[in-house]
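Just below is one structure, and these are the notes that go with it.
Every chain is named by a letter (A, B, C and D) in the order it is written, and numbering of its residues begins at 1.
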Amino acid sequence: MDYQKILFDIYSELKGTDNKGKVASYIPELANINADKFGIHLLTIDGGSYGIGDFNERFSIQSIAKVFSLSLAYKIYDKKLWGRVGVEPSGNPFNSLVQLEYESGVPRNPFINSGALVICDILTDTLKNPKIDVLNFIRKLAGNESINFNYKVAESEKKSGYRNAALINLMKSYGNIKNDVDEVLDFYYHLCSVEMSCNELSQSFMFFANEGVHKNEKILNGSQTKRMNALMQTCGFYDEAGEFSFKVGLPGKSGVGGGIAAVHPGKYTVVSWSPKLNRKGNSYLGMKALEVLTTKTKLSIF
Amino acid sequence: MDYQKILFDIYSELKGTDNKGKVASYIPELANINADKFGIHLLTIDGGSYGIGDFNERFSIQSIAKVFSLSLAYKIYDKKLWGRVGVEPSGNPFNSLVQLEYESGVPRNPFINSGALVICDILTDTLKNPKIDVLNFIRKLAGNESINFNYKVAESEKKSGYRNAALINLMKSYGNIKNDVDEVLDFYYHLCSVEMSCNELSQSFMFFANEGVHKNEKILNGSQTKRMNALMQTCGFYDEAGEFSFKVGLPGKSGVGGGIAAVHPGKYTVVSWSPKLNRKGNSYLGMKALEVLTTKTKLSIF
Amino acid sequence: MDYQKILFDIYSELKGTDNKGKVASYIPELANINADKFGIHLLTIDGGSYGIGDFNERFSIQSIAKVFSLSLAYKIYDKKLWGRVGVEPSGNPFNSLVQLEYESGVPRNPFINSGALVICDILTDTLKNPKIDVLNFIRKLAGNESINFNYKVAESEKKSGYRNAALINLMKSYGNIKNDVDEVLDFYYHLCSVEMSCNELSQSFMFFANEGVHKNEKILNGSQTKRMNALMQTCGFYDEAGEFSFKVGLPGKSGVGGGIAAVHPGKYTVVSWSPKLNRKGNSYLGMKALEVLTTKTKLSIF
Amino acid sequence: MDYQKILFDIYSELKGTDNKGKVASYIPELANINADKFGIHLLTIDGGSYGIGDFNERFSIQSIAKVFSLSLAYKIYDKKLWGRVGVEPSGNPFNSLVQLEYESGVPRNPFINSGALVICDILTDTLKNPKIDVLNFIRKLAGNESINFNYKVAESEKKSGYRNAALINLMKSYGNIKNDVDEVLDFYYHLCSVEMSCNELSQSFMFFANEGVHKNEKILNGSQTKRMNALMQTCGFYDEAGEFSFKVGLPGKSGVGGGIAAVHPGKYTVVSWSPKLNRKGNSYLGMKALEVLTTKTKLSIF
């Protein structure tokens, strides 16, 4: 498979199209991004590395970070996690309080905001220094020590994050948050502010394609790895998980910074970045790029 | 892979366990089933056929039939279908009216009751004799002309189906049902009453594992087939699609008759039957059987 | 109090204003009404009768009829009614299914559609000929034997009443409807189709102002009468009961035909009619007329 | 009317009954109250003062305080208030987030927690020292300078008030809270912690029975006073406003401290106190006491 040519074709085909998405504006610091950025990086399980466009430029990974915090929590707690957060798609926007209230403070899955906050709460119980420990976990997976938080973005989100404050206080009222809400929110906002390139993200997602193994180290066991992939498949794209599964057919996770990281187990990881988002909060061009990829390769998990 | 031994092991392991499920009682005719029935049949893409237990006995396939009606409608209308029914998981019980009201009569996906009713309405527009035409489609896929409706079950469901009548009338009030509600309901209840064995179901699902091809005939094209599999993955198990994806990792569809049909694209189809259902309406033993299967084979789509 | 002058002033003041309402269009037969009709009739407890505009012309009373069917059912069953229907405002549109589903088929109150259908179901159990018996009850209260159903309107509603069919089927699925759904719907649509004038309605509501007494006959006892008034106060105007209570301050009931009947206990009844409805389904001019009335008289129940 | 005898009869009748209510436990400081306390005080518009039981003992007025803050805000802003909070009953528990989310952060009415928080936010904009100013307003109405906050109760509520924090953050995310959330919450909790006796409350509610006049001072004008009474009628008892209206037939407001203050416009105010609450959060004995009162006097606003 000539992946470099495929990426080139996708890039050429989409670069000129009318991008109907809009840059996320609710986090002031993110609104300043150059909206025309566009990059893709694909990494095969045997080490083939293919990039096009702005694939080496770092961007705010936002919700993609939830995959790393969950992996770390899953590694530590295994099945015990699932008493405090579900594994079902939400059928609702990513930050809805309605479902959380009807279901007594137990989030539907760890990738909606409420679920990711519960994971942050759980890690706060365990890790000595949650922020640094998760950052180091990400640095190891990506193989780059210079990856860091963007403190301005974290601060900017904290200042405008009233809905997340509502979510975590609601869960606290149901007893599903153990630590101080401000401490957990601080951890959460730093986590989301991490900046990585498509290239670095495809490295750090490789263990999901490789039965849980990162450079001879078992990050998750085989069953856990499959389950992480299943979760990304059914819950990784907010209220558009079905659409992504339907059109792209790969497990993955998106972020409002415009990144999408996806996994073809046993074959490759692929990461796209384009800041303009569709109505459901996923990268407009990124969704299309990955759809064209699995159409051109005629390969998906289905 | 010695599938016969694996089926034998699964059967032996589960046959004696405490089955905490309950036979569906809301359809009086279905409540009379022998609750201890248990069978599995696995069919590989190269024709290997493996069965254990009651795999040759016919049962009421119920919602599994929705896969056949959708396939037929998809074959005829292709993308035009998706204006009237979505492809997102519902995050709600299979027969909830709440979401349908908030989303103005457009069902979330074609596998919840409301969505399946829309598909029946669409087929009623096109097919000369919808009931017979769908039945013949199923007979062809299964290779058995004796497959038939159970008229008593269809009648029994119609008499107690007030919630489905509520769903279809609500959609009609939004203009998303074109035909007479009683005619569409009659079609729907007959469809759900079809009786097949695990063996026959695994035959009739084989084209999903085989890029859309049934005995040299293209039932669906490659892209459509992948998308049907994706839909089964994200929406095939009511409000337990995430759980099934998480634990089993295969696209599939369940029915309240206790059947579960699943697909490993490129490899096999597998169908289990055990009438007792868990709290979410899926076969208690069937869910476990398929979980053990993908654990033992260490193979899933993830 | 010179009621005739007050009515004249209200009429003069409002007749020329810009009526921003819209005639109900969902029942085809009702859409043909002359939208400029406007009448008011006020009847004092000591027999003073005051009218202005089209107060002697009959119109479709629609939901105002629910007050009559409820009175009859309350007379027969007294407290036993409240096991099958609540007495709380709904906080939702008049025909919402959401609340009905969350509250397992028990309507919030007898004035939303679902609640009125339950009352029709209850009367179907008891009365020999529900349609005729309720009609005769209304004729007696209004003192006019020529009051009748409009069969065309009843038929028109039945043909387009898919949402009501959804409501009643949903309640039937919860066991809160005992009779055949079509029979109850037929009763309900006829009830709503009754045609009366402002004058006749003010006569027939007089017993609510008069401790339950109609021409020396006790229709309801004192406690029941107060409770009917309380119900009209909190639930008589769909999702605008608070607004009406706030601005007008009288118990009352509206209908989509543009009528509003209100009661000042111990003082008078007043009925307005103007077909154009506001966004919440209540008569635009009627709401204003009654607000001006209680402002000018400086009298309300508060 | 011999009110003293009536109060005596009510007290005797109810004192011995099986009180099925439960003291509110979610605010730790409130849980310590003697659950058997029971008092009633009735004050007629012409100065007749009648008390029985513990009517001179102060208790935590909790949500009854919302009537005072709203009166003050209404006095200052008049109609401008209603752009930020509605006047409709909620049809939901007092602290539900669901409706608030569907209605984009605008609370249904000023007596549910979210609405009361908006009123506190509005007063924070205007008053120099909101806490002291409202306290002085209450002291004036009650004619007693020793009325005060209970700082322990305020602190106790703040520490356990995660759901209120969720509500106010959600509204802040919709732009319907202008001030710092912690400042508004602090004001709100102090307000709810005010302690008054039945006697003092009946004094301070008297202007609602007296066309807005307190000792020759116009607190609210006639129209505003009627509207406050209308609001208490439709929204004063959480999700039991209909029930109270139905059984008691007076405007009023309850608090989780077990108090209920009610108004018969032009006649009297009456306040009961008994700490055990029914399932809906209103005083079990208080609801009954006022029902017996309007039954015995045969007088209500209906």
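Heads up, the rule we're going with is that a contact is a pair of C-beta atoms (placed from the backbone, for glycine too) under 8 Å apart; a residue touches a chain by one contact, two chains touch by 3 or more.
Please read these numbers as outputs of a predicted model, since none were measured by experiment.
> So which chain is farthest from subunit D, going by the mean of the CA atoms in each chain?
Looking at centroid distances, B is the chain farthest away.
> Suppose you list every residue number at the subunit A-subunit B interface; are over half of them used by both chains (same) or under half (different)?
On the two sides of the subunit B and subunit A interface, the residue numbers are mostly the same, over half being shared.
> For the pairs B-C and C-D, output the one whose chains share more C-beta pairs in contact.
Comparing B-C with C-D, the pair joined by more C-beta contacts is C-D.
> For subunit B and subunit D, let me know how many angstrom lie between their CA-based centres, rounded off.
The computed centroid separation for subunit B versus subunit D comes out at 55 Å.
> Could you put a whole-Å number on the gap between the CA centroids of subunit C and subunit D?
Spacing between the chain centres: roughly 32 Å.
> Counting in whole Å, what is the centre-to-centre distance of subunit B and subunit C, each centre being its mean C-alpha position?
Roughly 47 Å, centre to centre.
> Listing for subunit A: what residues touch at least two other chains?
none
> Once the touch criterion is applied, which pairs of chains come out as touching?
A-B, A-D, B-C, C-D
> In the complex of these two chains, what residues of subunit A are touching subunit D?
Interface residues on the subunit A side: 96-98, 101-102, 162-163, 165-167, 169-170, 172-173, 181.
> Could you list, by residue number, the parts of subunit D that touch subunit C in their complex?
Listed in rising order, the residues of subunit D that touch subunit C are 86-92, 99, 108-109, 222-223, 225-227, 229-231, 233-235, 239-243, 245-247, 249, 251, 265, 295, 298, 300-302.
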